[in-house]
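These are the structures, in C-alpha cells.
Next come two complexes built around subunit A: one with subunit B, the other with subunit C.
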Partner chain A sequence: MQYFRPTTLEDAVAHLRAHGPGVTILAGGTDLVVQIRAGLRAPEAVMDIKRIAPLSEITRTEEGGWRIGAAVSGAEISAHAGLCADWPGLVEGVGLIGSMQVQSRATPVGNLCNASPAADSVPAMIAAGATVYVLGPNGMRKIPVEEVAQGPGKTSLRAGELVTSVTLPRRAARSADAYLRFTPRAEMDIAVAGAAVNLTLDDSGRCTFARVALGAVAPKALLVPEAGAALVGTMLESDALRRMAAAVTAACAPIDDKRGTATYRTAIAPVLARRAVALAQTRAAA
Partner chain B sequence: MKDDSQPADYRWVGKRLDRPDGADKVTGRARFGADIHLPGELVGKCLLSPHPHARILRIDTGKARALPGVKAVVTGADFPVLEDRPTPVADYAFNLWDQARTLMARDKVLFDGHPVAAVAATTEDVAQQALALIEVAYEILPHVTDLEAAMAPDAPLLHETMITTGVAPGPAAPSNIVARTMLERGNIDAGFEAADIVVEREFRSKPVHQGYIEPHACIASVAEDGRAELWTCTQGPWIDRAFCAGILGWEMSDLKVVATEIGGGFGGKLTVYDEPIALRLSQLTRKPVRMVMTRSEVLRRTGPTSGSLYRVRLGAKSDGTLVAADCEMILETGAFPGSPLGTARAIAFTHLDIPNLRLSSAEVVSNRPSVQAYRAPGGPITCYAQESVMDEMAEKLGISPFALIRKNAVREGTVSLAGFPLENLGLAQVLDAAEALEHLKTPLGPTQGRGIATSYWKNGGGQTSVSAILNEDGTVNVGIGTPDIGGLRASVSMMVAETMGVPYDKVTTTIADTSQLGFNSFTAGSRTAYAVGLAVVGASKDLIAQVCERAAKMWDLPPEAVDYADGMLRPAGPNAGAHDPVPLATIAAGFAKSGGPIMGKFTTDGPGAGPNFATHIADVEVDPETGGVTVLRYSIVVDVGRAIHPDYVEGQNQGGAAQGIGWALNEEYVYGADGRLQNTGFLDYRMPVAPDLPMIGCTLVEVPNPNHPFGVRGVGEVSIVPSVAAVANAVKDATGLRFFEIPMSPPRVLARIAGARAAKDPSLKPAFR
Partner chain C sequence: MPKIHVTTTVNGGETEFLCEAHHTLLSVLRDTLGLTGTKEGCGSGDCGACSVNMNGRVVCACLVLAPEAEGATIETVEGLAGEAGMHPVQRAFIETAALQCGFCTPGFMVAAKDLLARNPDPSETEIRYWLAGNLCRCTGYDKIVRAVQKAAREPGRHART
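Let's look at the complex of A and B:
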C-alpha cells in the first residue's frame, strides 16, 4: 500500500490523476483505518489530506455562510463559536459521532463520504441545505449534500475526485436547526434512527421555511421535502406536526439489522422528527 | 458510602489507602497478557469455523505449511484424545475433554468461531495468510442457537449419543438435554393447596458475555528438554496449569504458569483457550509462541453465561406468609455442559423461610460457545425470576417488598435446601439500612418507576497457600497465588500490615507463579479477600512467631516469654522490662546470626466463608415513544462483613450493578439465521458506557463474619445478583407492565407498550396510554 501526504491541492490532484481509482482519501481515518484493519478494504494507495492547509480551515463564505474544509475535525467544529451559534443542530450531530476521542480525529466530510446511512452529521447537513465542493480532473464542481451518498458505502463521487469543503448557507434571522438520534446506549453507539430539522420562523412564530432530513431509515440519509412542506406556513401546531410525522413515516424504508428492526426504526423516526422540530423551534424563537 | 468518621478499630483495615497497582496502570507500565514479549517469538493464530454446526471431513494444511514464515500448523489431531469424564482438580472436577474440544474442534464444529486449526508464523501477516491457505472440507449440519428450539424433539443434536442424566428411568433417545436435577423439601402440592394467593410466571434471558476489557492473551515457551513456561492473563494460574497439563498430557512440574496483570475476568478467565495451543505450537517450533485474541474472537469463541427459561410458582397465605415455591430453571450451556446450575440452585429463595420448596433444573446444549462462569454464576437470572415474582406477590398482598421479606426472612442457623448453612446473617441489618435510605423518599414522575430486589449469595473459601518473607530491612514481601482483579494486593498488604503492626507501605504483595507456592484455587467465587485473608494473617502470625523465637534466643528466654506488638519485641510477663524493646527491623537485620532467613507460610482450605445479602434499589424513566429506559438513581445496600478497603468494596458493588444494568437493558448476542454471530464487537454488543449510568450509591453494612480475623465476607458477586431484578421491577413500576424477558431493549419495551395500549390493558400506567 502506498501512502501520500500532499501539502497542496495541486499535489493532491496530481496524485489522484496518477493513481486514479486506486487512491483512497484519508482524513480522520476513523472509518478507513478500521475498515482496512478489519480486512474490508485494501486500497492500493492512501492519500492523507490533513496537511493541505486550506482543507483544515473553517471560513466565512462570500455569501455570509460558512465553509468547512474536508480535513476539519468534529472537535474543531464543536469548538467553533460561529458554527455553534448558526448551526447548533449540525454541531450536535457532529458531537454524537463516537466519543470525544473519535471526534478529535473524525471529520464530517469523511462521515459524509463514508456513506453510512446512519452517519450522524449528514442529516443535519442535508437539512441545512449544504453544498459540497468537489475537485476533480476537470476542476471544481458543486453538488447538493444529499446527492453525495447513493447507498451504504457508495457515493456519486467519480474516480479521481476529492471533496474539498462543505458550505452552509447564510443564516436568516429566527432560524435554527436540531438533530436527534436514538441509540440504546448514550455514547459509542450508531444511530438506530436520526432526524434533523432546519427551520425559520417569522416574527409571529409562523414557520416560513423548513427542511427535514432522516438518517438510518433508508439506504442513505434522506431529505423529506413533504415533511418540511407540512411545516411551512404553520405555527408548528399539533396538526402540522402530525402531517410532518406522517410524511416522515411514509419516507422510511429501513432494514432489519443487528442495530434495530425496520418496524422499530419506522416507529421512532417520526418521534425524533417531532422532538427535533420542537427543539429547533425553541432555538429559533430564542 | 461508608462513614469513615466512625471510630477506627484498626490502624489500616477500613482505610481508603493508595492502591499499589494504580500508578503502573495509569502510566501504562503494568504488564497485561499482550505486553509480554520474548526473544524470537512467533505469532500464533487460530482458524475459526464459519459454520455453527458442521462435520469436519478433511483439513488440508499443506499449502499453509509451505508458506515461507510458517513454522507450525496444528489441528485437533495434534492433541491427545482424553477420557470423557470429570477430572478432579482440588475442590473441583473439570471435564478436560470438553474443554480440549472447545478450544480446538475434533470431529465436528459446534459453534460459529470454533477453532479448527492454528498456525505459528514469523509475523501476524504471514499467520493470517497461512490461515487463508488451510483448506477445510465441512459437511454442514442443521444448527440450533436457541434454548427452547434446542429442547424440541426434532432439534439437531450436538452430541449424537448424549442421553439425559438425572431422570429415572433414563430416556431411550439422545437429546440436547444434558441433565435434570430436583431438590425438594416439604410437600409442594400440599403447600400450594394451602396458599390463598399464587403467582405463576415464566422468565426468559439470553446468554451474555462477561465483557472484560482485556482480550485473552498468552505467550508460551517450551524448551528443548520439555520444560515450559506460560504467561497468561488468568484468574487462576494453578487451574490453568491443571488444564494445560491435562489437555497436553504433561507433568505439572514441567509447566510454570505466570499470571500477568489482568484487565477483567468476571469468571471468563477461569479456563484456557489459546494456552494449550500456544504450548503445543511452541513445543513443535522450539520458539516462544504468542497468541492474542481479537475482540471478535473473544465474543465468538469464549464463554458467555447461560441463557435461561425459569418457571416460578409462589404461594402465600393472605397474611403474607409464604407457604410454597416451585422454581424450574432451564439453562442453556452452549456447545458443552457446564452451566451454573449449582450456584443457581444455591441462591433460589434461600433468603426466605418457605416450608415447601422445590428447585428443579435442566441443562441444554446449543450451537453457541460453551458457557463459562460470570460473576455470581446463575445468580442474576435466578434473582430476576424470584424477585419479579416476589414483587408481584407483595403487590397482590398490598405490602411493601421489604415487609414481605421481613415476614418470611430465613432464620439464623438453618441449612438451605441446597445444603449451605445460614449463620451469622446480616439480612435484617441490610433491610434496615435499605428502608432508611433517602432514595426511597425521592418523588417519581409519571413515566418513572422504582424497583427493589434483595438476594443472597453464598460466597466461597477454597484452597490457598501463601508466603511471607521478612526482609533484612524489616519490610515484608507477601506472595499470593491469586491474581488481583478487585484490589487483592492492597487488601492483603493492609491485612498483613494490621496483623504485624507495621506500616502499610512496608508490605509489598506480589502474585507468585505456580512454581513458587502450593496450590491456589482461582480468584473467583468471592473467595479471595476471605480465604487469602485467612492465609496471609496466618503467614503473618508465622513470621511473628519466628521473630519472637529469634528475640527469645537473643535474650535467652523461652519464646512464649516474648511479646510482639506494633513492630516491637518485648520481654513479657515476669521478664517484662528485663531487656530493652527491640524493633522488628533489628531482628530482621540480624537474621544471619540468629538462625537463618525468616520466611513464613500458611496453607488453608479456606473454611467458614460467610454468606451475604444485598438489596438494590433502581429508579428508571421509560420513554413512552421510544421504549428507551434510563436509569436515574441506583442504590446498593450490602452486608460486607468488614470492608478492608472501602473504595474497592464500593467499586466491586458498583461494577456488579453496572453489569446487571447492561444485562437487564441492552446486552444481547445477535445470531443470524445462518447461526453466525453478527455483533462481534463492543460497538454492537451494547454494554453500558459511563453516561448510561447514574452515580451508584453504596451503603456498606458491616456484620462481621466470625470465621475471619477481620470479619470479611466476599463482595465480588453479591454485587450483581439483585441488579437485573431491581431494574425489571423498576420498569414494571414505571409502565405498569412486567417484563418476562430480558434484555428490556427499547424495541422490546416499545412493542410491549404498543401492545398494551392497543389491548387497552388497564395495568398500563396513564402516561403510556
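Let's look at the complex of A and C:
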C-alpha cells in the first residue's frame, strides 16, 4: 500500500487520475483503517486529504448557508457555534458517531461515503437538504446528499472522484432540525433506527416546510417526502403527526439483525420521527 | 516498497521513525519506539486502550496510520508525569484504586487528562460520556469516575495540561 498526502486539490486530482480506482480516500480513517486491518479492503494506495486546507474548513456559502469540508471532524463541528445554532439536529447526528476518540477524527463526509444504512449523520444531512460537491476528472459536480449512498457500503461516486464538501442551505427564520436514534447503550452504539426532521414554522406556528429522513430502516438512509408533506400546512397537531407517522411506517423496509428485528425497527421509527418533530418544533419556536 | 520516513514530536521530544503505509501509529509507538504504555485491546476503535493525544485531541492510535503522524504532536501515557512528579490524574487513580489489571488505565488517564484540560469541573454524567469510548473489564467504572472527580478537585491539576 502506498500513502499520498497532497496539499492541494490539483495534486489530489492528479493522484486520482494516475492511480484510478486503486486509490482510496482517507479522512478520519475510523472506518477505513478498521476495514483495511480486517482485510475487507486492500487499496493499492490511500490518499490522506487532511492537509488540503480548504477541505479542513467550515465556511459560509455565498447563499448564506454553511460549507463543511470533507476532512472536518465531528469534534470540530460540535465546537462550531454557527452550525450548532443553525443545525442542532445535524450536530446531534454527527456527535453520536462513536466515542470522543472517534469524534476527534471521524468526518460526516466519511460517514456518508462509508454508506452504512445506520450512519447517524446522514438522515440529518438528508433532512437538511444538504448538497454534496464531488470533484472528478471532468471537474466539479453537485448532487443531493440522498443520492450518494446506494446500499450498504455502496455509493454513486465514480472511480477517480473525491467529495470535497457538503453544503447546508441558508436558514430561514423559525427553522430547526432534530435527530433522534434508538440504541441500547446511550453512547458508543449503532442505531437500531433513527429519524431526522427539519422544519420551518410561520409566525402563527404553522409548518411551512418539512423534510423527514430515516436511518437504519432500509438499505440506505431514506428521504420520506410523504412524511414531510403530511406536516406542511398544519399546526403539527395530532392528526398531522398521525399521517406523518403512517408515511414513515410505510417507508420502512428494514432487516432483522443482531441489533433489532424488522418488526421492532418499523415500530420505533415513527415514534422517533414524532419525537423529532416535537423537538424541532420546540427549537424552531424558541 | 521503500519505507516512509516520519518526523514527529512524541512526549515533547522530536522523534523520527520509518514505517510502512499500512502500519498504525499504535504499532509504531509500541514496537518501533518502545512506548508500550499505550495498549492494544481491540485494534478497531472500540476499547480506547490505545488512546493518545494527537495535535490536542485524544484519538485511538490503532485507527491512525503511522505516516499520518508526520509533523504531529503526540502525547502518550509516558508523557503524563512531569518533573514535578505524577500528573494529578495518575495520583488520583492510585489513591482511589481505580485499576485492577491496569490494561485500560493508560487510555483512561490520557482521556481524563484531556477532559480536565477542557472542562475543569465536569459533572459525573460528563465524565461518563467522555470516557464512554474507554472500556474496562475489571473495575465496574465507579472507581474510575471517582478518580477523575478527585483529580478535578486537586489544585495542581493545571500544572501540566
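In this text, the second predicted complex is superposed on the first by the 286 of 286 C-alpha atoms of A that agree within 3 Å, B and C clash if a C-alpha of one lies under 4 Å from a C-alpha of the other, contacts with A are read in each partner's own complex, and residues count from 1 in each chain.
Assume a contact is a pair of C-beta atoms (placed from the backbone, for glycine too) under 8 Å apart; a residue touches a chain by one contact, two chains touch by 3 or more.
Keep in mind the model is a prediction, meaning the values are calculated, not measured.
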item: Partner chain(s) touched by A:Ala267 [first = subunit B, second = subunit C, both, neither]; value: first
item: Which superposed partner A:Arg259 touches (first subunit B, second subunit C, both, neither); value: first
item: Touching partner for A:Gln2 - first (subunit B), second (subunit C), both, neither; value: second
item: Which superposed partner A:Lys50 touches (first subunit B, second subunit C, both, neither); value: second
item: Subunit A residues touched - subunit C or subunit B, whichever exceeds; value: C
item: Partner chain in contact with A:Glu187 - subunit B first, subunit C second, else both or neither; value: both
item: Interface residues of subunit A shared between complexes with subunit B and subunit C; value: 186-188
item: Complex contact set, residues of subunit A against subunit B; value: 182, 184-190, 192, 257-261, 263-264, 267-268, 271
item: For the subunit B and subunit A complex, residues of the former touching the latter; value: 625-626, 628, 665-666, 670, 678-679, 682-684, 686, 688-692, 745-747, 750-751, 754
item: Contact set on subunit C toward subunit A in their complex; value: 1, 4, 20-22, 24, 43-46, 48, 51, 54, 57-60, 62-65, 67-68, 70, 111, 129-134
item: Complex contacts: residues of subunit A adjacent to subunit C; value: 1-3, 5, 26, 29-30, 33-34, 36-38, 45-46, 48, 50, 73, 75, 98-102, 104-105, 186-188
